[in-house]
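Order of writing sets the chain letters: A, B and C. Residues in each chain are counted from 1.
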Amino acid sequence: MPDTIIIDGLSFSLPLFVMAVGGIFSEKSGITNLALEGFQGFGAFTGAFAAVYLYGVFGADSVIPYWASFVFAVIGGGVFALLHALLCVRFKADQVISGVVMNILAMALTSFLTKRINASIFGNSGNKFMLSASSRITIPGLSELPVVGAVFRDIYPFELVIVAVALVMWLVLYRTVYGMRLRACGDNPQSADAAGINVYAVRTVAVFVSGCLSGLAGMSFAYSVSAQFSPDIYLGYGYLSIAALIFGNWSILPALFACLVFGFARSTGAAVIHGLGLPSSYNDLVRTLPYVLTLLLLVFFGRRNRSPRALGQIYDKGMR
Amino acid sequence: MRKFTLSCLAIGISLIFGALILWLMGKNPGEAYMSILQGAGLMEKARYSGRQSMFTDFMSLVDAMTPMIFASLAVALALKGGFFNIGVSGQMLFAGFCAHMAAQFLPSRIVVVIVGFVAGAVVGALIGWLKSRFNVNEVVSSIMLNSILMYVITFYIYTFYINPVSRNSVSVPAAARLTLSGFRWEGMKVDIALAFPAAVITAVLLHWFINKTTYGYEIKAVGLSPRAAHYAGMNVGRTAVITMTLSGALAGLAGVAYYCGYLAAIQPGVTPSMGFDAIAVSLLGGNNPLGCVLASFLITVISKGSVYMSSRQNIELEIASLITALILTFAACSAVLDRRRGK
Amino acid sequence: MAEPIVEFRHITKKFPGIVANDDVSFTVNKGEIFAVLGENGAGKSTLVSALFGMYEPDGGEILVRGKPERITSPRYAGTLGIGMVHQHFRLVSNYTVAENIVLGLEPVRKVCGIPFVDMKKANRDVAALSERYGLKVSPTDVTGDLSVAAMQRVEILKMLYREAEILIFDEPTAVLTPQEIDAFLQTVKTLRDSGKTIILITHKLREIKAVADRCAIMARGKLVSILDVKTASTDEMARLMVGHDISFTTEKAPAKFGEVVLDVDGLTVKNVAGYDAVKGVSFQVHAGEVFAVAGVSGNGQNELADSIAGLAKVSGGTVTLSGHDITNATVREHITAGVAYIPEDRHNVGLVLDFTLRGNFPLRLYDSPKYSRGSIINYREYNEQSARLQEEYDIRSSQGGETIVREMSGGNQQKAIIAREIDMKTPLIIFMQPTRGLDAGAVMNVRKYIIAERDRGAAVLLISLDLDEILDCADTIGVIYSGKMSKIAPASELTAEVIGEYMMGVGKTA
C-alpha cells in the first residue's frame, strides 16, 4: 500500500508542480495568471489531437505519437497563452478578468474543436480523444530499495521529463540573465525599465513559458488521470497549482513541497479510504485539504506571504 | 451610453466572428442565427411537437435566464465596491445545497429563498471579512472557497443525497421548487420561472440602491478610492464587508434559482460555470444592474437557442459556448478601451 | 581651462497652466560640483529631468560635451554617460545590492550558450567599486532591508557601475539624517575628485556652501543668478532664492482674533513607516487667525494635517477644538465637530476621481440630513449645491455637474475641493498646499478664499511649502523642521530670511 501512495502521489504532484512553475514565471514577471486551468486544457487538447492523428500514421503502439503529443501540448499551451499575454500586456486588460475569460474560452474552444475534429477527420461523433495507455518505467536497482524504492517504480515517462524541465526552469529563473530581469519586472517594472529592460517583452515571454509548462502538465494529466482528452480535463487542477504556488510563496522549491504535500495527501487519503473500505466519495473530503491549508496559511501567515510587489499592476511606460 | 456602445461593439464583432466560423463550416450563418432565435422562442419555428409552441420556448428561456440575472448582479455589485467576486460559483453551489437541505424539512418556496439568501451572504461575508481583517486577496480566497465548498458538497451528495439513476442529487420537493415545470396552460406544457419577476425587481432595486442611497454612495466611493472614502468619514472595512455580504446574498439567490428552479437537482463534482460566465455577463452589461438584465438575456438566448440550431443545422452544440466566450473576450478588451478613454 | 560638459541653452518647458522653465541657460563644467538651488516649484527638477531624458523641452537645446543632443529617454541619457539618483529610489526591493547594481548590464558566463549571471563576478565588481569610491555596501545584503542612506549608496553605485560621468542628484539629502548628510557630502567630494561631474538639486544652503563649486539659483522657472559659492554669502543666496519681488499681494484687513478654536498640545504622530514624524508639537489657532506652518517638504507637515483632520492616528498629546477633545476621534466625528480639510493629495484623497463633479461636492457631508433623508440621497440638494458652487467659485468643466472629475483640469479640481470645504462653514479649516500646481490667477483666488475664511471668523491652518504664500496670508507663522515647531511668531516679526534659516534647521532655537 505505501507503494501506491508514493507512485500515485508522485504522478499527480509532478504535473501540478510543473504547472505551478509556469505560474511562478508569469506571476514573478508581474502578470496574474488565473488562466493556468485554460492553458493546461488547451495544451492537452493539442497534444491529444496530435497523438490521435499520429496513431493513424505510426500506429497506436509507436512511441512517436506519445512523445509528439507532449511536444504539441507544450506548443499549444504556449500559443494559447500568448492570447493572455496579448490582452494583459498589449491591451492592458485587467489580468484577473483576462484570466477568467481565457479559461472560459479554452473550455469552449477545445470542446467545440474536439467534436468538430472527431466529426470531420476521424469520422465519429465523440467529444473526446482516446489515448493509448502510457508505458511505465521501473529503474532497475534503485527500485529494489526498501520503501523509497517505490519512487523509482512504475514511473510515467513524463515524470522524468518534468523533473528535468523543472530543474532547467529553476536555473533559468534564479541563475540566468533572463530570470533576473523577469523577477525585477514583477517587483519594480519602473526600475527594470530604467535599467534598459523591455518590460513588455519579458512579461510576454514569461506568460508564454507558463503556457508551455501548463501544456506539459495538461498532457500529463490526460495520460495519468484518464488516458483521454475530454472536457473532464477542466477539473480545477489549474486552480490547485495556483494554490500551490501561493502556498510556496512564489518560489519554486517551496512550491514543489506544496505540490508533494497536496499530491501525497490525495494519494494517502485515497489509500486510507480504500483500506477502511469506505466509499470512494470520501476522497472528495481529502481533496479539500490543499485549499483549506492554503487558506489557513494566508490567514495566519499572510503577512509573511509576499506576492511579487507589482503583481497584477498594469505597466504603462508613459506613466510615471 | 459609452459603455453600451462598446458592449454592442463586442457583441457585433463576436457575431461576425461566429458567422465566419459557421461559413467556414459550410453553413449558412443567416439561417443558423435565425434558428438560434427560433430556439430561444423569439421567432416562430416551422413546426412544434405536441404541447410546445413559441411561447413555451420563450418561457424556458426566461427560466434559464433567471439565475443568470442574479449571478451577474452579484458580480456587478461587488465590482462597484472594488471586489472581484470570482466566488459567485461557489456561493451559488453552497446556497443551492443549503436550500436543498432546508427543503427536506420544510418544503416551502419561501424557506428555500431565505436559506439561499443567507447561505450566500455568509460565504460573501467571510470573503469580505478575510479581506478587511487579514488582507487576504478576495480572488485567492474565493478560488479556495469554491473548491472547498464544491468538494464537501460533492462528498455529501454522493454519500447521503444521491439519485442513483441520474447520478445527480435528489430532486428538490416540488413544493419548494421555484420553477413550475411542465405547467399545463391552454394545452401547452410551460415552465414558469416564479423567480423571474423577483430577478427583474431585484435588478431595479439594486440600481436604485446603488444610485440613490447613501449606502450605494459609500460602496462606490470605497470601491473607486478607499483613501478618499476614508477622508469622507466612511468606515472602509465595514463597507467592504457589507458589499461582499450583499454580493454573496445575490449569488445565493442565483444558486437557489438555478438548483431549485431551473434545475431541480445538484450535479456533483463541478462548480456551476454560470458563476464564471456571470463575471463576463456583468462586464458586458457595463456593471450596471439593468445592463446585466439585458446581457443575461442575450447570453441566454445564445446558449438556449443554439440547442435548436445544433439539431436543426447539424452544428456542434459547443458553438454556443464558443460564441459566448468570444463575446466575453471582446468585452474584456472593450473594457480596456473604455478605461483608456477615461484617462 | 574650465571644460564645459553640459550646456543648457534657452530651455523652456511648459505644463498646462504653468511655465516650469522659462528660457534657462547655463553651462556645467567637467569635474565640478554644480548646485541648482531654488524653492519647491522653482523648476529645478524639471530642468534636470530634461537632461536625463524624462521630459523633452518645448524650446531650447541641450549640449553634452559640445554636441547638441535630443535626449529622448533615460536609456539614451545612460549612453551619454548621464546618471541620476531620483528622490524616490528605483530599486528592486527583494534583490541583493549587487543584483540591483548590475541589473540590465549583468556580467555573463555562458554555459552551453545559455547566459548565466556571473554573480561571483558581480559581487566582486561591486565590492571593488564600493571600495574605490568609499561607498560602504555589502554586495549580498537584501536591498529592501537597507537604511535609506545605504539605498542611496546603491543608487550611486548603480550609476558608477554604468561608468556615468555626469551624476545628477535630485534632493539627495531630503530623507537623510544630519550624520548621513555629512557622509553623503563627503562622497560627493570624492566623486568630484575622481573626475566626475556632479549636478546637485537642492534647497539647502548649508550643503551648497559645504561642497558646491558653483550654483545656479532659480525662482519661478527662471534663472536668477549664477554664483561662485566660495565668494557668495549664505544670506545673499537665500535672498536671491526667495526673491525680492513678491508678486502676489492679497488685500488684507488687520486680523481680529477671537477665542482659541484649535489647541494642539504636545502632538506626536507616527508616519506609515512607524517613526515619529511629528514630535511634541504645540500651538493654538484663534478664530479669525491664519496660522501658517512653513517648512521644507517631508518635515512632518502631512502627518500634522492628517492627524488634526482625524485621518491619522495620534500617538501622543491632544487636539482640542473649541474646548472639545477630538484627539483620535473618527473622521466623521471631526467633520461633525467642524473641521474642514483641503488635503495635499487631491487625486487620491480629496476627490473620488471617477465620480461626477456633482457627486464629489457632498463627499464629506453625504450622510448629513441636508444631503440625505433616511439614507435616500436628496438629489435636489445635490443639484442645487452643484450649480451654486460652480457659479460661485467659477469651476469650469465640459459637462457641468455631470463631468467626471478625472477629466477636469487640476486647477478646477482644486477649486472644487476648496469650494466644498469652505461650503461646510466650519470653525476650523485646514489648507494643505492649496496652490500647488495652480496657475497665477488661480493662486490669487485661493489666497483670497483663505483670507475670506479668516474674515468670516474661522480659524485657518495653512500648511505650505511656498514661503510667498505664507508671508502673504499668515497672521502667525510656525516653522516646522524635522517634526518640531522650531519657531512660532507673529508674521509681522519675521522676514523671509529668518524663516528660511529655521526651515533649513540653521536658525537659532527660540
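To be clear about the criterion, contacts are C-beta pairs under 8 Å (C-beta built on N, C-alpha and C of every residue); 3 or more make two chains touch, one makes a residue touch a chain.
All of these numbers come straight from a predicted model, not from anything done at the bench.
Asker: Which chain pair is joined by more contacting C-beta pairs, A-B or A-C?
Answerer: More C-beta contacts join the chains of A-B.
Asker: Based on CA centres, what chain would you say lies at the far end from subunit A?
Answerer: Chain C.
Asker: What is the distance in Å between the mean C-alpha positions of subunit A and subunit C?
Answerer: 48
Asker: I'd like the Å distance between the centres of subunit A and subunit B, where a centre is the mean of that chain's Cα atoms.
Answerer: Measuring from centre to centre gives 29 Å for this pair.
Asker: What parts of subunit B, by residue number, touch at least two of the other chains?
Answerer: As it turns out, subunit B has no residue touching two or more other chains.
Asker: Using the touch definition from the top, which residues of subunit A touch two or more other chains?
Answerer: Expected reply: no residues.
Asker: What does subunit A use to touch subunit B in their complex?
Answerer: 32, 34, 87, 91-94, 96-98, 100-101, 103-105, 107-109, 111-112, 115-116, 119, 236, 239-240, 242-243, 246, 279, 281-282, 284-285, 287-288, 291-292, 294-295, 298-299, 302, 307
Asker: Please give the residue numbers of subunit B that touch subunit C in the complex, ascending.
Answerer: 212-215, 217-218, 220-221, 224-225, 227-234, 342-343
Asker: Show me the residue ranges of subunit C that touch subunit A in the complex, using the header's touch definition.
Answerer: Interface residues on the subunit C side: 54, 74-75, 78, 90-95, 99-100, 103-106, 108, 114-117.
Asker: Inside the complex, what are the residues of subunit A that reach subunit C?
Answerer: Going through subunit A, the ones touching subunit C are 171-172, 175-181, 183-184, 187-188, 190-192, 194-197, 309, 320.
Asker: Touching subunit B in the complex: which residues of subunit C?
Answerer: 311, 330-332, 334-335, 341, 343, 345, 348-355, 359, 363-364, 366-367, 372, 375-377, 379, 404, 406-407
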